[in-house]
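Both of the next two complexes hold chain A, though its partner changes from chain B to chain C.
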Partner chain A sequence: MSAALEREWSRFTPRQRIGRWFLWLGLVAACVWAVRSIEIIPEFLADAPEQMADLLVRMWPPDLGHYRGGVHDALIETLHIATLGTVLSFTMAVPLALLAARNVCRAPPLNALANLLLVASRSVNSLVWALLFVAVFGPGALAGVLAIAFRSVGFVGKLLAEAIEETPRGPMEAMDAVGAPWGHRMLKGLWPQVQPAFWGVALFRWDINVRESAVLGLVGAGGIGVALDDAINFFHWDRVATILLAILVVVLVAEVVVTRLRKRLI
Partner chain B sequence: MSGGLSIRGLSKAYVPGKPVLRDINLDFDGQGVTAIIGPSGTGKSTLIRCINRLVEPTSGKVLLDGQDLVPLRGRALRLARRRIGMVFQEYNLVERLAVMENLLSGRLGYVPLWRAWLRRYPQEDIDRAFALLDAVGLPEHATRRADALSGGQRQRVGIARALMQRPALLLADEPTSSLDPRTAVEVMELLTRLAGEQDVPVIVNIHNVELAKRYCGRIIGMHQGSIVFDGPPEKLMPEHLTLIYGGEDWM
Partner chain C sequence: MTRRQAFASNWQGRTALIALAIYCVYAAMQLDISWARIAVGLGEGARFLGRMWPPNFERWDTLVEGLVESLQIAVLASALGIVISLPLSLLAARNLSPWWISGPARAFIALCRSLHYVIVAILFVKAVGFGALAGVAALTVASMGFIAKLFAEAIEEISMKQVEAVRATGAGRLAVLLYGVLPQVASRFVGFCIYQLDSNLRNSTLVGIVGAGGIGGTLFAAFKRFDYDFVAAILLSIIAMIFLAEVISARIRKALQ
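== the complex of A and B ==
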């Protein structure tokens, strides 16, 4: 009688247990494979702390006088690139988001096309976009703006499309019942509902773009990255330190500003 | 603008072979309040939504003042919908807009886009919106956001928005089902009184048989997609209710 009461319980079935064991095995194998393939050179690894210390010594003290000389203008240009790029990305992302949202555009092929374009935009890193646009338009801030814009479209479009799809159907249904045309429905039914998400995404993306546009100069697309690249190439490590500090300050300020604005918006 | 409505041979099947509405024939002479009662899932909502084509009928005709609404597309459908006001169970207000803007949304079928965008609605519409706000008892709430209102207040705004259309016909899909009993009576009272004052015929889906009998001049009972009772409330007997809802234990 008591033996019958001892019913066994285990969290996984034997099949699940074997499956999980293989999953872990695969994970370990992948890590081993990855470490072997990156070919670490032991000598370089060994003296890395020494090199690092050397670099920091060369950076200290930062050449703050250089800020006026070349960093300030480049920094302002970086902010311009981030802002213009964000604005431009929205002009492309909003139509794509409307096409991608299944509750607004009821043609599945168009949804798929819009999603394909959004994924394509996201799958290319902004540095790669910058290389492309530098090749087309030549080096300078224009290439940077376009790189930021094209990289942001996918991100902004996807988040906006999700926000649109999450809006309750009721108000739009009421607009239908009233006999409102498409533009009226979007303006008075959809827009008020996605407005907080819209501004949230805009601020978030601008914040990211300030950081992204700081490195675009490395491939010649304008902004503070150009100054950074020059300083590194000429081994002016004290100037490098100044530039890195300037970027840090701008990113921190952007973060604070964005956080405050978001709180007031939502 | 009389709002006379005839439904002829209306059927709807969401899934082929499983009709929700079976060959409905009804005539509304363009006055008074008509209640449609019946158990959940019997096609009351579908019937009301087939009238303004929020649901696409499978077959049949919906004639508003002689015009068949079923074949209408695009602009013609919008123009027809302008003449039919609708009140929803879940109010369907735009939560983040002020009460006033929700009311003025009732005019979106008439107002050009630039006016809606710049919020430059015709003075006539604004006057009517204020008059309706007074009529539904929310004169001080014009600038409050819809999400700051209680359920009963929201439904009053919903009614006012529908009347902003100056509709020839008013549809109400379970307007009281999300409200507490007392507020439900108040909203029903308001709906029927305002519609009477403005001479708009009303078709209302309602769960509450007592409310239907109290406020409606005609009651239509549905069961499994067909009409099993049609007459004045005095004629609605317990045997009819058995026919509509099935069983007797609940009475």
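== the complex of A and C ==
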């Protein structure tokens, strides 16, 4: 009786405690290692507040007159790149998603192949895709559209395949039982079930793509990034401020549009 | 009486689809995209791939240096971002702070999130000069925008009963946070932090393109010098590193659950 009372209760077993202690030690060690060996020039760090203030002073007031001349067209081009890239990514992602979904395509090697392609698309960033396509197609919006499309395929394909795999089998089996051909089965058995997920993914990715297409121009792939790069290279910081404001507004508007459309569609 | 159709035609949907198709053609014309350009590009693409193969790992010391710097940027940016996000998310949570604190805090978080990290990196390169410091700063801002938002949402979902219970014992503000709030959200916080470390690692391989340190600078330089075999080597090692990090973080996540 008294032994039970005097027993000391603790939250973790000794092994867990040692494990947690080592985990924290590892985290702290990683931070210390990074701080000590990273190349940081102290003069630059000391100079930073002054430079930052200088930057803000040069940015103010923003050269709003520049918007009509050099920003507006680039901004529209950015939106075109984002939208076309999203549409193109869907034309590639839908077949891949059907191949990757194990309840639609019953050949494991094809599932694995589709998944491999999706992972490959996801693991290369859109800026790197843009670099590759600029090297292939030359600078311009085409490289931007393809970069956005190829980066989105992995993301969209993965989410669509998951949505397809989660659908109940009933409608498909019913279509099968009445002898419907493959196309009808997909269109009337599968599509109505994945439709909400499809539009949700499309809107979500479009929103991301609007943000991403704004920087593609830094490597020459068209859009407002080109205008931004030019303004920075010429040290026109007041124009940079205008462009940044324009990007900010477009991103916010895109977010509002997506929220509205999502409410209507889903 | 009209017969009810089993599969009614969706005229609204069809019109929207046709409109989308017309828009695509119009946009493609605006962007000056044509089959001729694509055909030329495909020929170039074959040559490009030919020059990328085989990948050239001869300058592996430069490669490893860049990868290590990217890793350092990711670790530091995640650590700083998490440390700053903790108080920021407490300020932004609407159930713990009054509206005149949570409003500005939420606006600040939204501002951090709305600009792409590469653009933020450009600004920091101007402010603190070329090098890893700019990368760390840019990714810290990006991390703040992302995890502070998720932290704040997690905090808003907690049950207030436990907070009230701790408060009823006469505990101070800090004790309420430590024993009433933190235990409810700790496991989700750890999940967000691992996710952020993962995505910071991806992003840190890129900020070098604008001169903010890491492997991205090496990659961009190799592109500019048309060293496409070295480009292939860099891309392969970046993918390998990201893949490895993903496997490790998936394991950690599993171990934590």
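Simple rule for what comes next: the second predicted complex is superposed on the first by the 255 of 266 C-alpha atoms of A that agree within 3 Å, B and C clash if a C-alpha of one lies under 4 Å from a C-alpha of the other, contacts with A are read in each partner's own complex, and residues count from 1 in each chain.
Criterion: a contact is a pair of C-beta atoms (placed from the backbone, for glycine too) under 8 Å apart; a residue touches a chain by one contact, two chains touch by 3 or more.
Since the structure is predicted, the reported quantities are computational estimates derived from the model, not experimental observations.
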Quiz item: Looking at the overlay, what does A:Leu244 touch: chain B (first), chain C (second), both, or neither?
Solution: second
Quiz item: Once the shared chain is lined up, is A:Asn125 touching chain B (first), chain C (second), both, or neither of them?
Solution: second
Practice problem: Please name the chain, chain B or chain C, that touches the greater number of residues in chain A. | Solution: C
Self-check item: Touching partner for A:Glu39 - first (chain B), second (chain C), both, neither
Solution: second
Quiz item: Counting only touches as set out at the top, which of chain B and chain C does A:Val145 meet: first, second, both, neither?
Solution: second
Quiz item: So, does A:Trp9 touch the first partner chain B, the second partner chain C, both, or neither?
Solution: neither
Quiz item: In the superposed arrangement, does A:Trp24 touch chain B (first), chain C (second), both or neither?
Solution: neither
Exercise. Pick one for A:Lys188: touches chain B only (first), chain C only (second), both, or neither.
Key: both
Quiz item: Looking at chain A, which of its residues have contacts with both chain B and chain C?
Solution: 188
Exercise. Could you pull out which chain C residues touch chain A in their complex?
Key: 7, 20, 23-24, 27-28, 30-33, 37-38, 41, 44-45, 48, 69, 71-73, 75-76, 79, 114-116, 118-119, 122-123, 126-129, 131-133, 136, 202-203, 205-206, 209-210, 213, 219-220, 223, 228, 235, 238-239, 242-243
Quiz item: In the complex of these two chains, what residues of chain B are touching chain A?
Solution: 52, 54, 77-86, 88, 90-97, 101, 105-106, 108-109, 111, 113, 116-117, 161, 165
Quiz prompt | Interfacial residue positions of chain A with respect to chain B in the complex | solution = 170-171, 173-181, 183-185, 187-189, 192-193, 195-196
Practice problem: Mind listing the chain A positions that touch chain C in their complex? | Solution: 30-31, 33-35, 37-41, 44-45, 47-48, 51-52, 55, 76-77, 80-81, 83-84, 87, 120, 123-125, 127-128, 131-132, 135-138, 140-142, 145, 188, 211-212, 214-215, 218-219, 222, 228, 232, 244, 247-248, 251-252
